[in-house]
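The following pair of complexes shares a single chain, chain A, combined with chain B in the former and chain C in the latter.
Here is the complex of A and B:
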């Protein structure tokens, strides 16, 4: 204890930091925290390894057969994204607010000159950036393998896939953060996120198939119900963007292609944007009203 | 500097803070005194905008609800126990909170030297002791020289040595023109740091007294810990209340504040009511304040 503070001005004269600065400060902290966590490393490795495996297998099967070879790889990558990215984003979002609340950090941060919305957005941006880094690493490695193996690839296709995967990740991150603001404990939040992931990945398809048979859904109803699930939106949009026929998705895909054509980009984009904006807005509303304790 | 007007706050049906009004001028130092559950921490959390409340709180002219960021910019806050990010470095934590306070290029080393943490800059927070973490929280609270320092039972989780050192540090920092509001149930803290004491009971402000007067009152009080069987404990409390005592529940018995000349009177009152006292001891006020659960009742004690 060698020194004492300087004499004080009685009122702190500078302005509180602006929203952008606070969001950037928290995002930077969150990004550093995320990329050094073992879960992030594990997910990134899993994503990269599965992606590389798909790339190598399809490259060896098709050889240098051009675009069709890449199309096969692309379909494999879409399925890996569908499995890994939502799980990663949902759990990362679910742990973010709830774990800070549990250890008392949330109330301490809220006691600083920062608004609750800034904290939420800062965490969102930071986690979003970490997910983007994971996707770039995974898909970038796959692209390098494909080029090395001589499979003709269109850079635009890889960029499209990365962009759509990122949009899906942001939607799932929003949903995860909403879960996090509602849960008191991190374990409950993460458990709920895994349940939601299981529902979106497995249960919704089964429910849709069962419902279609049992309720004799019309084709447009089947399409509408399937588009409630953001993972289905991502899958359809990825195939549509790769100029693949949506016929492979069955009658609903065929109907979507014939009925909406190029307007599907707008429809899919709006739906994924809805999944990004609405859960995040709901999370902001919950966080602003709820005690951080 | 701080204006608290008709502040009320409930947790469900429980009234945590009941119509409290307080004013602190610049340079004032006010201790919130009361047993556990009296409403000290809740009032502080309202001041920080962490809880929704009725009434109005202003810090340096800024409404806590409408201009929360501006109000909190004036406040340096140290909680009872802090759950920092454990993997964060000490200096890194200081820089993170400095940025949140809008301080460009804050010197972490200087902030840490103020609280005696020089040489610990590169340590991870998980490597710090409880006392060191509290010092770090104080270093962060002092960033930007805030005009108000708010402390919430900051020594409660420290051992005797850590408590003494931390108190000495706070005494050095007090009396420098900074307004201080703190919650405590330790007389030595109050006597060292406070100019005035606000006594809270069951969320209500009972009185505000100068520190010297409060300490003198405390010196003439003792607390009896009476061990009474649970079936008649509530009856004993009610009986003592009707005779002007202010009993509080405590584990297997009651804590009853008494003046030295009336130490035996509670025994007579209870004997007259045919209530047996199984055991008793005289305890310190700090012990009583730290180990008391208020008796739920509709009225404040006489």
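Here is the complex of A and C:
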């Protein structure tokens, strides 16, 4: 592992249209590989089947009554997004660079007249597009099932859910790519990604719950700590977008609603953006300093 | 990039944008309050109606021509005042506007607006101080108190539209208030942006077909017995109907929706007694029903039958003091907590089934092998996370997260931490009890279309990306030769 720090100017191409063309080419290549890969088909199927199951089960109960709300359908879909999307994005990101490195592909690509940042961004855009396709197909199918079953759901909420899931996916992809640049082997990268996923999905929430009771956290502290977790940000944002009030989340949610009101969109947005930008920037920094071998 | 794929993507994005826009419009029009057309150009007339009343004999009908009248009326003899066309009584932002001090006065068809904002003097649009008044088809706007009946028994308040002042809730007055006005009929009124519609010390009052929204309490009973409340719609208030210290109340076929806030309840019961709550639709409230010390005596069990409680954060919340309620044939549909006990305590003193009739629980997991419409196993409410939320409300923050399900799974799987059943329903119903009336708003068709459009749009975006991915790569300029890469293509 040699550490020859490259100045940033050497990473970024001097010819912006050329850089964009390079990124587009790599992105397209990455997208094509991704959508024909096994993980993409598997995750898309898993996501769609779980979503459809949730929609059907909830439709069997609520379809007959003609009343609607943030009921089991929306809660179930949010839950499935929380489980599947981070796993999908983290592992996809983790596998990307590390597997190229393992196969020696990275040094080959770096020998081409493209900068390392272009390679990273190209891969990011390509994988992001493949995740978007997966989300759209899954949630679109769910929406049609809900229509077929006559469940009254606000159309905007499913569009919001798709958009927010994509934002969450981009954040997790970013984190996955950081893991990928740090790991030497693809297997290590994917293992680490699954560990991170487990932490974000279960461990941190359970720890925070225990901590909140044991340390008697005030609600604003509880809220602040929970917002460190991008999954909680996504969850609160999708509730906020669907219902305009977070009081369903008890005192802490009520506090958030009363204190910040419509500024919550901005807060949640910037928090998720942080999760997109910082890991990706860190990944770029690591990639520029590390040997491709 | 394939041009066709790009076009497909653009069309899909357009569909999505339109769907979202349409939904936003549907939403905003639901909440908008129709504006009343002011008549600014008319000359303001002073003291005209006062002179007409002074000239009238007992039992006369006075027809008031259209126009704007800047008057504070005192009606001191039994007459009928009828507005011809758009007759506006404007208080000019001070004091009360109409005061009725004689019995058998009728006031019909006026627009009454612009009272003072003095809460100490309780500035009201219409104050009635005598029995048998009829206040009908008036439009009250920008008023502190709307219609204030003080010792005015046997009155009729019908078809009025009462709009409060746009003030902070603590500075508003009551849209409608009854004080010792027995046997009054309140029918077909709409109240918005007021504080409460409140009934004090009045017996035998009937409240039907009214609507109240954006108020504090849609309807508030204080020490008022034998009241019948039916076919009303209370939505987006802090509390839909609050029954306090009142007995022999019937609450039937009302619609209580979206009543939210720190103490948002569809129906609140505080030391109410001998009540029957039947066939109401209670949906989307913070708590559907809140029971505090009710029923107050043991003369009659608190009756809850054939109500539908759906999508509330909490279906029914009991304070530990609540005992002697019987809930049968109700639908509990997807409330986040179906039933909760505030703090610690058991629900032993309340019943969730009687004889052969239980309730419908959307979270019932049993089955019905003999097909008699009743589940073969009893319904036990015992989710660990529910119990945790009852005791530590702050942890509701973790609702809808996988961690919640992990906790519930642990609660089911490990007997050592399995919570005690909060209550049991021995005869849970397999299908919902039919709802007495439909809540469809007429926009369902448009919504379904938009939802279908959104779904189709999402699918189109997804397919467009797939098409883009499978499209041939156009090599331009110094694009990199990636062919070598394909030998090691990902699998």
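Annotations for the structure displayed:
Here is the rule we go by: the second predicted complex is superposed on the first by the 263 of 293 C-alpha atoms of A that agree within 3 Å, B and C clash if a C-alpha of one lies under 4 Å from a C-alpha of the other, contacts with A are read in each partner's own complex, and residues count from 1 in each chain.
Note that in this section a contact is a pair of C-beta atoms (placed from the backbone, for glycine too) under 8 Å apart; a residue touches a chain by one contact, two chains touch by 3 or more.
Just so it is clear, the model here is predicted, and its values are computed rather than measured.
Of the two partners, chain B and chain C, it is C that touches more residues of chain A.
When the shared chain is aligned, chain B comes close enough to touch A:291, but chain C does not. In the superposition on chain A, contact is made by A:21 with both chain B and chain C. Applying the stated contact rule after C-alpha superposition, one finds that A:33 touches each of chain B and chain C.
When the two complexes are overlaid on their common chain A, residue A:115 makes contact with chain B while staying clear of chain C.
In the superposition on chain A, A:139 contacts chain C only, with no contact to chain B. In the superposition on chain A, no contact is made by A:274 with either chain B or chain C.
Once the two complexes are overlaid on the shared chain, A:107 sits against chain B while remaining clear of chain C. In the superposition on the C-alpha atoms of chain A, the part of chain A touched by chain B in one complex and by chain C in the other spans residues 21-22, 25-26, 29, 33, 36, 103, 105, 108-109, 112-114. If you check the complex, the residues on chain C that touch chain A are 1, 16, 19-20, 22-24, 27, 260-262, 264, 281, 283-284, 286, 308, 310-311, 313, 331, 333-334, 336, 362, 389, 392-403, 405-407, 432, 435, 438-440, 444, 447-448, 450-463, 465-466, 468-470, 473, 476-480, 482, 484-485, 488-491. The residues of chain A lying in touch with chain C in their complex are 18, 21-22, 24-26, 28-29, 31-38, 58, 61-62, 64-72, 75, 78-79, 82-83, 95, 99, 103, 105, 108-109, 112-114, 129-130, 132-137, 139-144, 146-147, 150, 152-156, 158-159, 162, 201-202, 205-206, 208-209, 212-213, 217, 219, 222-223, 226, 231-232, 235, 239, 245, 247-254. Per the touch definition, chain B reaches chain A in the complex via residues 1, 26, 45, 48-52, 60, 68-70, 72-75, 77, 79, 81-85, 87, 96-97, 99-102, 110, 113-116, 118, 142, 144-147, 169, 172-173, 176-178. Residues of chain A that touch chain B in their complex: 1-12, 14-17, 21-22, 25-26, 29, 33, 36, 103-105, 107-115, 289, 291-293.
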